[in-house]
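There's a structure below that I have some questions on.
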Amino acid sequence: MINKEVATVADAVADVFDAATVMIGGFGEAGSPIELIHALVDQGATNLTVINNNTGSGEVGLAALIKAGRVSKMICSYPRSQNSMVFPELYRSGRTALELVPQGTLAERIRAGGAGIPAFYTPTAVGTPLEEGKERRSFDGRDYLLEHGLTADFALIKGRKADRHGNVVYNKTARNFSPLMAMAASTTIVQAQSIVQPGELDPEVVVTPGIFVQRVVSVADPAHESELVAAGASYP
Amino acid sequence: MINKEVATVADAVADVFDAATVMIGGFGEAGSPIELIHALVDQGATNLTVINNNTGSGEVGLAALIKAGRVSKMICSYPRSQNSMVFPELYRSGRTALELVPQGTLAERIRAGGAGIPAFYTPTAVGTPLEEGKERRSFDGRDYLLEHGLTADFALIKGRKADRHGNVVYNKTARNFSPLMAMAASTTIVQAQSIVQPGELDPEVVVTPGIFVQRVVSVADPAHESELVAAGASYP
Amino acid sequence: MAERCALDIQGGAYVNLGIGIPELVAAYVPEDREVIYHTENGLLGMGPPPAPGAGEPELINAGKRQVTANPGAAYFHHADSFAMIRGGHLDLCVLGALQVSAAGDLANWSTGARDAIPAVGGAMDLVAGVKTVYVITQHTTRDGDAKLVESCTFPLTGVGVVDRIYTDLAVIDIGDAGFQVVELSPGVSFEYVQERTGARLLPVGGNRG
Amino acid sequence: MAERCALDIQGGAYVNLGIGIPELVAAYVPEDREVIYHTENGLLGMGPPPAPGAGEPELINAGKRQVTANPGAAYFHHADSFAMIRGGHLDLCVLGALQVSAAGDLANWSTGARDAIPAVGGAMDLVAGVKTVYVITQHTTRDGDAKLVESCTFPLTGVGVVDRIYTDLAVIDIGDAGFQVVELSPGVSFEYVQERTGARLLPVGGNRG
């Protein structure tokens, strides 16, 4: 029987290795798999390349992972937050590198990586500083840049419901990058508020089919990043 | 108030012009918008380029449009059918041209067209006769072909439910190419079995958001192509 | 500015409003116009902010503020959301600006300061893909420097992408001949605006090039 | 052939079965192995054909035959379906063949006949993307011509893509040195198979190159 459920978040991230590339779902706190990230802080893997739209808030979740010195490179579109100096300090000190990617290009690169598309052309960023180092090419009289697919060793994803086959549905705008990252990572790990039986999720409404998911773990009552930050929490 | 509903299938296709490119949803009979196609036969536009995975069955639906001499070019992956000689005869006589595209490349080209991606690289068809005329390029030691996005003037789509904003959900494997074609066409026309009020479709399960749809029309009890073919029907 | 801009938004339009002042536009759109708002983090049919206490941490906009979803809304992932943007499906976006050039170049994501953390978000995607790009900005910086300039000195967001600018002093189109004044704010003279602009303005009703 | 192939399908695998004989494989997979079937027209978790009269015209497989959906199934559009294929997410596909070369080239979509209507479907996508490609075929054509050949004369579907071939005479891997016999059908000699093959075969247990 196919059963992708693992018992704990610690089990779920146990094999993340040093220098791995890790995609982390979420846009701000919406969809941030905070319990999986904290398990990764505990687990200790370091020298990670992390792909996320942002760089976290306060000193919890992604910001905690960065603060712990585990992230050598961030690939993101918006590494600023009103309430976190964790990334800016490490970036300015040269300890964490940054690859800045426009948000839509980041999404499309992740999708391409998951879909077996090595590269594609996009009009975004033509004529801007982010064109630097990229091939420019004209199609039908308009200029485009060549962008490459992104893949990862692991993806950490937050879902609303999942089943043992790995089918996932999300909660509102928490969906954001997660379905794309699930496609692009070799090992996709999903924390879900409930694990249901196969067949309970209507096949018409499954957002991430199980083929893209390797592990699911139940986190029934996930923390909200904004509440932790407001309370001044830090992890560990 | 935004209301994309039109009264009849004839109204829905009234402005299709000669030499237009028309994407038609469906894989075999699943998702084939047969009433819209028949309305297009009646409407009379000709010299059309049609994009569909197949070339229709019997002498109804897409096969009827082809038989009526309205299609000067087909872009498809599988222009054969056990029960239709309509396309083969026109193709062999040179009256209808064919651009043969692998099925996954066809889907990705349509998505690219809808997503503003002018071109992308794919491993499909490298080293085969379908590589002819295409740029080959190596990424990380593997060869890929450059493929271009496809767009259309019109898309004819069959949905299960739609609302006046143009949100659409589909029926099982009738989904196939339709959500992609809705993205890639300037004017996307959806026939749906029921038109519901905005809000009746759960925002979590909408497959085609209304931004991709320009017209919806109610076809409460659509014909099944296989039943028409079995009955020896032809249109008109 | 937001109020004036709102008058130019047509009923039936699909609109993305940038973070900050552009977000205010929605409140001023005449009530008889049904406009559908897109937020690039994955929602079409975005509604107003929730009532106090009724918000949800996972129903937010691109500015990471809590919002609501109107009847007829849809959620989707980022690739679909930016397909809407890049594919030219949105009718209009309204953005802020650091500088706009007479050729319609926009700089709105970075001052290029050495110690700044560069952050671009979806701005470059929006200007590259959305059919019409409006900018809302104060006419000058707090120091009185022109923000409407001959050519931008700050890093660009896009080249030749801006269609119209709403400032506290005027509404200005980007025409083939550069900044074309469409409308002056009440009590403001053309000369007053020209003095505060870093490139030549064409007067209202003048040759639009 | 389908029965023998089925024994090599592991529990937990994501599998795409081509139209025709490959479709028969599913019925022979040992019952204690949970295998998830993908059909490229947009369904993961495909089940067996429906009971007579219970079928639905819009629940079909890639061969356009009516099927069912198992608990845990999901429907999706073609771009997502072929992302599964092209992106290397499927473990295995089983296809028919006109010819297979000693280098693993596959020809299975066209005889290249002048008056034939060319039709490729998803075959080229499958062989380019799926991790492991099995072929099921009669060892020779009806006329007795070899289908396992030194190099294909029919138009190719993919270059160097086949991993293993199941024929009525043998199971044969594509190794670095060419056709490597893994298993002979009961009562069939190596020489008998070699005579009916258009390239050198390496015997069972021989050097796999």
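Letters A, B, C and D name the chains as they come in the text, with residue numbers starting at 1 for each one.
Going forward, a contact is a pair of C-beta atoms (placed from the backbone, for glycine too) under 8 Å apart; a residue touches a chain by one contact, two chains touch by 3 or more.
Note that the coordinates shown come from a computational prediction; the quantities given were computed from them, not determined experimentally.
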Smallest count of steps, each to a touching chain, taking subunit A to subunit C:
1
Per mean C-alpha coordinates, the chain lying farthest from subunit C is D
Separation of the C-alpha centres, subunit A versus subunit D, in whole Å, is 35
Centroid spacing, where centroids are CA-atom means, of subunit C and subunit D in whole angstrom:
54
Note the residues in subunit D that touch 2 or more other chains, in rising order.
43, 69, 75-76, 79, 82, 85-86, 128-129
Multi-partner residues in subunit B (2 or more other chains touched) are 108, 111, 115-117, 122-123, 170, 172, 203-204
Chain pairs in touch?
A-B, A-C, A-D, B-C, B-D
Given the complex, residues on subunit B that touch subunit A span 108, 112, 115-123, 139-140, 142, 144, 148, 169-170, 172, 202-205
Enumerate the contact residues on subunit B facing subunit C in the complex.
1-2, 111, 113-117, 163-165, 167, 183, 197-199, 201, 203-204, 206, 209-212
Of all residues in subunit B, which touch subunit D in the complex?
27-31, 77-80, 87-88, 91-92, 98, 100-108, 110-111, 122-130, 170-180, 207, 224-227
Of all residues in subunit C, those that touch subunit A in their complex:
39-43, 56-61, 64, 69, 75-79, 81-82, 85-86, 105, 110, 115, 117-125, 128-129, 155-159
Contacts from subunit C onto subunit B in the complex sit at residues 11-12, 14, 34, 36, 38, 43-45, 69-76, 79-80, 82-90, 128-129
